[in-house]
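For reference, the structure I am asking about is given below.
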Amino acid sequence: MKFEVSATLVYEALSASTLILNIEPFNSIGQVVLNETFLSAPELKMKSLRSEALTEKRFKLIEITSPGVINIKYTGVVENTVTAIPAAKLFDVAIAKMPVSVLPYLSPSRYCQSDKLYKFAYNKFGNINNAYERVIAIRDWIFNNVEYRAGFTNPQTTGNDTITQQVGVCRDFAHLGIALCRALTIPARYFTGYAYRLQPQDFHACFEVYLGGSWIIIDATKLMPVNGLVKIATGIDATDTALASIFGNLSFISLEVKSQLLEGQFEEVDYQSAAQGYSYS
Amino acid sequence: MKFEVSATLVYEALSASTLILNIEPFNSIGQVVLNETFLSAPELKMKSLRSEALTEKRFKLIEITSPGVINIKYTGVVENTVTAIPAAKLFDVAIAKMPVSVLPYLSPSRYCQSDKLYKFAYNKFGNINNAYERVIAIRDWIFNNVEYRAGFTNPQTTGNDTITQQVGVCRDFAHLGIALCRALTIPARYFTGYAYRLQPQDFHACFEVYLGGSWIIIDATKLMPVNGLVKIATGIDATDTALASIFGNLSFISLEVKSQLLEGQFEEVDYQSAAQGYSYS
Amino acid sequence: MKFEVSATLVYEALSASTLILNIEPFNSIGQVVLNETFLSAPELKMKSLRSEALTEKRFKLIEITSPGVINIKYTGVVENTVTAIPAAKLFDVAIAKMPVSVLPYLSPSRYCQSDKLYKFAYNKFGNINNAYERVIAIRDWIFNNVEYRAGFTNPQTTGNDTITQQVGVCRDFAHLGIALCRALTIPARYFTGYAYRLQPQDFHACFEVYLGGSWIIIDATKLMPVNGLVKIATGIDATDTALASIFGNLSFISLEVKSQLLEGQFEEVDYQSAAQGYSYS
Amino acid sequence: MKFEVSATLVYEALSASTLILNIEPFNSIGQVVLNETFLSAPELKMKSLRSEALTEKRFKLIEITSPGVINIKYTGVVENTVTAIPAAKLFDVAIAKMPVSVLPYLSPSRYCQSDKLYKFAYNKFGNINNAYERVIAIRDWIFNNVEYRAGFTNPQTTGNDTITQQVGVCRDFAHLGIALCRALTIPARYFTGYAYRLQPQDFHACFEVYLGGSWIIIDATKLMPVNGLVKIATGIDATDTALASIFGNLSFISLEVKSQLLEGQFEEVDYQSAAQGYSYS
């Protein structure tokens, strides 16, 4: 499907600063960026950063040389394809057969301290033999036990905190899902994106698990159909996929995010079912 | 200088398992592996893993198909060069001029929660203008305030814990150093290696900071001259540089590590001074 | 029933020190200390501490004036009565009707951070209306989900940690039970005692809840019948009921604990059932 | 000096609830409550709670039987005397000579986890021999290193967090001071009060240490002269001295606190000096 996404950000620079934005949709075989603009007023020096070290991310480094209000607007048109993969094909991949690039997603991270959750994860989900069913059980347990509500967590909240606090936003739902999967030796990574049908419109976070040779998208918030997502980035957790990283004295003023369908009708996949998984390749 | 390093590991496999070892010296322009052997008894299927996703690491994946005692021995001869760089050249690199591959080392991580240390780091080291002097002050503050002693920390101890617990091993010293540097926007990464003159002989951990365009080695334990190190790996923290990652039912029996000078005499650099930094390229 | 309990402690004093022991059985209407001896070799100055501030505790303050090995032996004969109270009488007491002395046991404490568990406790146990059934459900959930195993927790482990780590000793089981009860506004306190039929013989910890006007003993480890306990102390958590508090340079050498039935036969109560609660008055 | 203090609280009850307020000045030899009124509109059933278990606290239990807005106003006139004690008399009290009632204030608590701070406290303050000078050094270190600023901490923040976060309000300053003192075996307790000259007017928290046989008031915020305080309560930490404890569905609407001098002129003590300590007996 074809989506037009946009993000409008306003900052006030109090001194010369550097801003790294990570808001451009990722460009891949499965998700093609057809056209895009990245504008600022006043006009600022921008540099696109890409490297193997960043994996699935596109960073825009913006240099702000003088104080003042900065308006930034990204707009892009993206055509993406979500592949449905039958549950039967979403088997557990043996460590020895995993691509090397997948291994980092088994380690604990800042917000996903899977090393503290082995017994919890095994006690709760260990009796489920099938890997994809385990993931679905994790997703549903989070959905059923954690209240989606803003204002109770902060950027330092970890997925482990969310187990006992049982309240949070999309970021917390994703971190907890990742932590539980990694504790069960299922590679899991953080996913940020634009989200069609998310109300109110905002960036969204969920996670992906590596099963059957594909990265399968999982959204424990169940706020919207997973095929309404436009991928911005994947990473270890919220640390390396931050939408904005600020270096200097820059204060945030406002953000407006939009995602709309450009052509045809939105054909919602059955994202609540466990009969198949969905992958953005 | 030329070092011969070796590691002998013994495990008991209780079932089929997979083991990923990260004990081979890194091979680069500045550190050349002249020859090496990696043996196991019984003979096991081994696979070398290398990819951009692993950055400076060489993983050996070992498949253990049946129960029993496993003996593993790595031996390598390495020639390495440590470059001394005058303090005056170890300037702070602006974000906009950093290679993209350096950026991940500014983020908080599992054991280096720099996001919680901004005020602490600025209050304690913010009055030092020069970046390298800040790093040396951090190194010396850790050395002076944290007792080097085994048995008081565990694999879940973070650098942040070490600020108040003030006791730990090389791993804890390194995590704390990294956390403080990142809190001050100085890229910092974890370094594991063989360590000539470390008594008793063992693997060692310290950290590197990115200053003046080079990664400079810093050892807050001051246990040995930094040019006696043979680099195994660098990474985010202990999560992605683990010497052994076990998947399956494998129990650790013993480890013996050795590092010896092969030719000539060891010329110790003045690693306590702040007049220059040392880099493994 | 009549029990003889004893504790033999050996310390080595490296300098003049003060030791406060909390190992004497509590003396009350329901548990009468018939005779006891508290000896040390060499003979040391001992002072019994009692005050309202200590609530249900008997402290023995021992002054050690010179270095050397200290042998301490407490022996006591205790007759106690455990009252069975039918579940129907174990109703929730309204805050306004609670004795003032019960209120402190509603607050979070060092090892029972109930203030972080409101949603977790309500989500898991909130659908059970009856207060005593809630407590039994908490006890059984801990028993079913937490592995009883030494060596995985330490004195700084909290009940909250135990929710996700799911492994621990009697102390951890008790702290978790207390934290969950307090999160549900059920007063709960820590209980230490001698434990007949505990194998191997050792001090034991469990907890009490205030229901129907009585403190009801609950042991989530289910290691032994609750009427085999001889109460030493009750308190907020392990902080104020420590068996030994050391001030000075005293190193622990050994501990031997015994509890045996003096007369007749042990009549085990049905401590697994939820049909009644048991109270030490 | 004679102060008139008042607190006006407004709540909205959404259902029948119980409220325990701890806002009445403590009545003792050194601080006499001359007259007071405690009113509510609508008129509610109130019960004064006092017991040895509460130590220095006066609780007012208020039963709210029906929904609606509740206005509560306490007004009291208090005459208090602050005794200056020369530093030379503020000696360290040996454990064996401490009143039993003082011992609980040596234990770690929910917000003052002194058991994690032994090395930190000894490394930083251990070289100061005199107990009162240590306390003054702790007070000044907190004052110099922690920024007084609202909005960065929450009710779950501990004194230990404040060591690295270095920002907080009076509550955080007090918790950190208590934690450090207890880590050095100096009994310390939490103090809440009305605060003349505090701008804006509000309740205030600081702490007391037990030295030379007296409880000495210490305020690491240095926001106001310590003899402008009217003591409400002392306790373990913020857990047992909460100004309001809510049981039921009661939502906070507003609070207004006042403290004014009734007669004569305010004679400010030299609260910044270390030449003497000040005690509320």
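For reference, chains read A, B, C and D in written order, and residue numbers begin at 1 within each chain.
Basically, a contact is a pair of C-beta atoms (placed from the backbone, for glycine too) under 8 Å apart; a residue touches a chain by one contact, two chains touch by 3 or more.
Please read all numbers here as calculations on a predicted model, not as lab measurements.
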- Message: Hopping along touching chains only, can you work out the least number of steps from chain A to chain D?
- Response: 2
- Averaged-CA centre spacing for the pair chain C and chain A, given as whole angstrom: 47
- Distance from the CA centroid of chain A to that of chain B, rounded to the nearest Å? 30
- Item | Shared-contact residues (touching 2 or more other chains) in chain A | 116
- Note on the structure: Every touching pair of chains is listed here as A-B, A-C, B-D, C-D
- Query: What residues on chain C touch chain D, complex-wise?
  - Reply: 18, 20, 47, 49-55, 59, 61, 63, 94-96, 99-101, 103-104, 107-110, 113, 115-116, 155-156, 185, 239-240, 247
- Item | Interfacial residue positions of chain B with respect to chain D in the complex | 116-117, 119-120, 123, 145, 147, 160, 163-167
